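A, B, C and D label the chains in the order they appear, each numbered from 1.
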Amino acid sequence: MNLTPYSKVLIQGFSEYITANHVAQMKANGTNLVAGVNPGCGGQQIYGLPVFDLVEEVVEQFGEIDTTIICVHPYQVLDAALEAIASNIHQLIIISPGVPPLDMVELLRKAEAKETLIVGPNSPGIIIPGKILLGTQPSEFYTPGTVGILSRSTTLTYEIARELTHAGLGQSISVSIGSDAIVGSSFLQWLQILDEDEATKVIVLVGQPGGDREEAAARYIAEAIDKPVVAYIAGTQAPPVKHWRQTGTLAAVIGRDPDFGTAKNKLAALSFARVPVAERPSQIPELVKKALK
Amino acid sequence: MDLLEYQVKEWFTEIGIPVLPSQRVDHPTDLKRLKINYPIVLKSQVYAGERAKAGGVRFVETTIDAIAAARSIFNLPILGQLPEVLLAEAKYETEQEFYLAVVLDTAVCRPVLLGCTEADDINWELADEKMQYVVVEQEFSPFYARRLALKMGLQGALMQSISTVVEKMYQLFVEKDLDLVEINPLGVSSSGQVMALNGNVSVNERAIGRHPEIAETTTKIVNRYTSSETVRNLGDWDVVEMHGKIAILGNGAGLIMATLDLVVNSGGKPGVCLNLRHASVTETSPDTFKSRLDKALRNMATDKSIQVILINFLGSISQGTEVSEVIADFVESGASEPQSFLPSRSNGGKNRRENFPRLVVRLAGSEFDKARKHLAALKTPSDTSIVVVEDLDEGVAEAVRLARSTAYRRF
Amino acid sequence: MDLLEYQVKEWFTEIGIPVLPSQRVDHPTDLKRLKINYPIVLKSQVYAGERAKAGGVRFVETTIDAIAAARSIFNLPILGQLPEVLLAEAKYETEQEFYLAVVLDTAVCRPVLLGCTEADDINWELADEKMQYVVVEQEFSPFYARRLALKMGLQGALMQSISTVVEKMYQLFVEKDLDLVEINPLGVSSSGQVMALNGNVSVNERAIGRHPEIAETTTKIVNRYTSSETVRNLGDWDVVEMHGKIAILGNGAGLIMATLDLVVNSGGKPGVCLNLRHASVTETSPDTFKSRLDKALRNMATDKSIQVILINFLGSISQGTEVSEVIADFVESGASEPQSFLPSRSNGGKNRRENFPRLVVRLAGSEFDKARKHLAALKTPSDTSIVVVEDLDEGVAEAVRLARSTAYRRF
Amino acid sequence: MNLTPYSKVLIQGFSEYITANHVAQMKANGTNLVAGVNPGCGGQQIYGLPVFDLVEEVVEQFGEIDTTIICVHPYQVLDAALEAIASNIHQLIIISPGVPPLDMVELLRKAEAKETLIVGPNSPGIIIPGKILLGTQPSEFYTPGTVGILSRSTTLTYEIARELTHAGLGQSISVSIGSDAIVGSSFLQWLQILDEDEATKVIVLVGQPGGDREEAAARYIAEAIDKPVVAYIAGTQAPPVKHWRQTGTLAAVIGRDPDFGTAKNKLAALSFARVPVAERPSQIPELVKKALK
């Protein structure tokens, strides 16, 4: 992970997933945005950034790029990501939602072989309040501090940051791994990173129905995480999704556990791992304070 | 999004998975022009897995019997669905029946091959013992399929013919961007010939945009699980369908669910919950946040069970500053032109003003500073003001209070 | 193996590369049923690149002119080929013309994208300055195509439309297992619209076996470069066609070439040189070494210019021990049943014995110990013995000597 | 390279490209052949070898495999090779001829990423006389010694070995990189290996028309090879191939050199690199002896 303010950052694609405001916020938060890539627009300026047709042109002009923020059309994400990897960029944050899952499978095979970190797709990215913003997280809800937020939602993540900030609890980092069915980095990877991160004293894990990421995280917390963790799961009252296939994992097929993917299942796993769970976002600061004692 | 058996079998034929000679039957009299030899089996083309038990599958030996059976199947609803089409298929003598599938596993982020030497009535409780699987770690190559067949305990020629079928299933899976392709059962004859007797295919909805040929097949299927017209009108939007009085609109699925939980936990009953997302996802609906908000509000207003609309927006919306304009337009058009958003169900003469839902608008973030002021000054057609708050708990409490206290009933 | 322009354009259409409306013309009168508007261009469907200069491309404005032009093109041989088909195509106004290609580079073992902003009459001597290329190092992704378009100096919308065409060319290249796909020229109109005006496709011969649809198209093409019937009868075998008296049969291309060199350097003239290989390569010809040897010998015996057949086998042949049997059978059938290997050209009454070619057989390796003894004892129909040697130089010397000394002429 | 007699060797596929005789010869020459893989034939014995359905079964039973000899149908070579790579086999010798070139491109991309040596396709493999035989080279023409033979032919390679043996010159190794248009290992790689190989005193390079492998080798010899090299090029009298496309390399397209791929071109390159060239196979021993002085 290279998340220092000096690391060089690129934006690929200027679709509706990223606005002038997002770009301005990134700059205001210390991100060293050097350029944008938008095929066919080489030579233009977009949101104050010089725009190129190819990633390799940016590398040629500015030297090695650390992180790229991908906002192209979902069907072009695979191409943009492969282009970034071919230009030796090792951190990819994919903002675009709705990438076809088999494109992600192909990308992840490649990324694993090339030791590339993929955050997203359908992720607002990463913020280290006061230091760097990689993505579209609204910095106004954040303030520097010691709480690490780990989530796969977008606005729900901001909601929780806002509650923490209002309660006087700043954040060391906030990461959303993305809310698509298949995403790059996992809760497990980030739990490990936050466990080792000196600035982080307590971790808030935010979950929602679908898949079994929260269950896997709960098991990992019990086994390997030393720092205190507080959780919140949205959707405890939501009706179950109708088809197991929509959450399509092997566990959902074999065994066909009727509770697979439900908030209920996630709450049970967290309880088993002795992770305190907030009933509502506004209850999180209270639990965090308790954990910090 | 699932296909019907006869559509699945058309795909199987194209890709080279063996299927029996069959013929689509749109009307019982089609059976007079049958090109398959009797005995045949007639199958109701519905989405329910239990159709055989429900009487949707019948073996017949003559044209007369076939027509009679077809008439009764066309009139037999299965899990609420009446078939539009039947499939007439040759009969097949099997010695063994297998289960085969390729499914996308979102936990390992890879496709998984599944196989079992039992089929049809798989006891899924015990399946983890009998079901074999292979994760397709790297790019697929036929050896993954052989690995599955061997794990299933097969050998020799049967091992090879099963792995060939799995290979073709995988090819279909990738070509058509599927979430699942399943053969259940795969019949094996006494001579070792294999035949896909029934199959399921689930198309990934996000990839349909790059498969024009599939988009055509599936347009009919989209709405089959929704009961309310309001939800149907929203097409492939991100909707949770519930039946309470408080409609919820938000940007982001997690936030919608958190809001829904809060409403329930505060004693309220959520109605339709709609995610307007942050931006448009698919090329097939090139819309904007603003247009989605407008459409959503007008749709909800047609649902008479909705008494309160709780709007919860926070963070970055590409057209954040225009949110208040859209809401203002909605409120004004409700006041002056009641017909405009009630095209079909309006009962003309009534005074719509009293039936206008209450609005609770929670807006968090500096982007909405102007919008908050603007909205707080508006009046709805029923002459009540719009409740504008910044805090989520407060917004939920207001919505629940309003839903409880609304003395009127909307018609 | 190359396709004709009209076949190439069918493929272009399928894959989505823009081509002009066109129609295949099998006979001049087909032009009466033309569905394209005049003016049109009529093009001879031959394999020569120079057909325009040779008069094989004509612009016409009316049906009468078209029929007359078609008649003359049908009768105009270009590099020895008469067209079986013409292509009638709409006319297109271009502002610029580009060259685009995807070719398999056997040196870097990768496909290479090629592009040039000149077309048609590319000066290939200077092309390495103007021709741009991109090696497709890893799995193809559209950014490789954009890289080419940028290298060609294009930008904006034109850069994107050119890279889209290259993407589709690459897709065709992979789907059909091609060695080359070329658009020359790609026309660009004043509005920036692009159009593949002419195209070449070269199919990889080794991959045809897995493309049944291509195999059909190409069966006609196989033999167009061969002039002798003997060689044509051998179909897609590994043949070098020369016109001397000494036919060479061997196992392995390198060895055949070494033998050929030795024959020439010793003052002999090689005729057909045929590689029987070590084993069968393609599924389309599931034959054995033994059957290939048999067929090769019988074919060569029909070629009257061949006076000596020099057989050079060494190393491991799966049916090594049977080599002498096949040669013995050949020799015997030549003696007793002259018709058997001369089906069409035999002039019945003649005594074939005198016309039987001399055989020099070089066999190296213990595998052939038995074969050598067996062959040395045989007599050919012309009552001469078979020369059997172990050393290559000696075998070549014998063959050259025999070719020189044969007093008879075969008829 | 692991070419010791102790390294474990596998055969994948029992087609007509490999016979009982080949297998017997390999065993007789010290090759540690442990098993064969032929899908559908698991449990049988072929040519005295236990046969399995999958490569991974062999690895499970015999431990890590060093080299596999692939003799499956040309259209199944890619699958067999990927299966071997997935089982961590790092030396693949492909005997089968006629592999579709785009399959080879795919395989080579994978092999490069996994640092796997591919010899062939359409290669009789490698022999170290008296030590190991990996492939179908007939050992009877060989005898141990100090001449390294490097070729892309099959029988022509044996012809030259036979001439050397008859002249009393034994061989340290003989490698044919394969005669298909696209092959794995290159002359350059092997020149480097033979240059470093202590047993090799002189290298015989055997070429033929098509492509520009010999030209590249000549340049490399001039630049980087210390040991003496003797060459022989077959086909100097053969008529030129009719289409540049059949030799399809970039050099053949750009420039369209009319001599590209011809024996003439190769001879010129070797002469430029001051490599002595034999006029006929039987002249090679003479040149080798001269080089060894």
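Everything that follows uses one rule, which is that a contact is a pair of C-beta atoms (placed from the backbone, for glycine too) under 8 Å apart; a residue touches a chain by one contact, two chains touch by 3 or more.
Since this is a predicted model, take the numbers as computed values, not measurements.
Trainee: Could you tell me which chains make contact with chain A and chain C both?
Mentor: Under the touch definition, chain A and chain C have no mutual neighbours whatsoever.
Trainee: From the mean C-alpha coordinate of chain A to that of chain D, what's the distance rounded to whole Å?
Mentor: 50
Trainee: Could you work out how far the Cα centre of chain B sits from that of chain C, in whole Å?
Mentor: 54
Trainee: Determine the centre-to-centre distance between chain A and chain B, using the mean Cα coordinates as centres, and give it in whole Å.
Mentor: One centre to the other, that is 27 Å.
Trainee: Touching at least two other chains at once: which residues of chain C meet that condition?
Mentor: 137-139
Trainee: How would one label the connectivity among the chains shown: line, ring, star, complete, or other?
Mentor: ring
Trainee: Report the complete set of touching chain pairs.
Mentor: Contact pairs between chains: A-B, A-C, B-D, C-D.
Trainee: Report the residues of chain C in contact with chain A in the complex, numbered from low to high.
Mentor: 137-139, 141-143, 146-147, 150, 155-157, 159-160, 163
Trainee: What part of chain C is in contact with chain D in the complex they form?
Mentor: Listed in rising order, the residues are 101, 103-112, 114, 124-125, 127-128, 131, 133, 137-139, 174, 177, 179-180, 202, 204, 206-207, 209-210, 225, 240-242, 250-255, 257-258, 260-265, 270, 273, 277-283, 288, 313-316, 318, 364-367, 392-393.
Trainee: Show which residues of chain D lie in contact with chain C when the two form their complex.
Mentor: Spelled out, the residues of chain D in touch with chain C are 15-17, 19, 21-22, 73-75, 97-102, 104-105, 108-109, 136-138, 140-141, 151-159, 162, 179, 181-183, 206, 208-209, 211-213, 216, 234-239, 242, 245-251, 253-256, 279-282.
Trainee: Please name which positions on chain D make contact with chain B in the complex.
Mentor: Chain D reaches chain B through residues 39-43, 53-57, 76, 78-80, 82-83, 86, 110.
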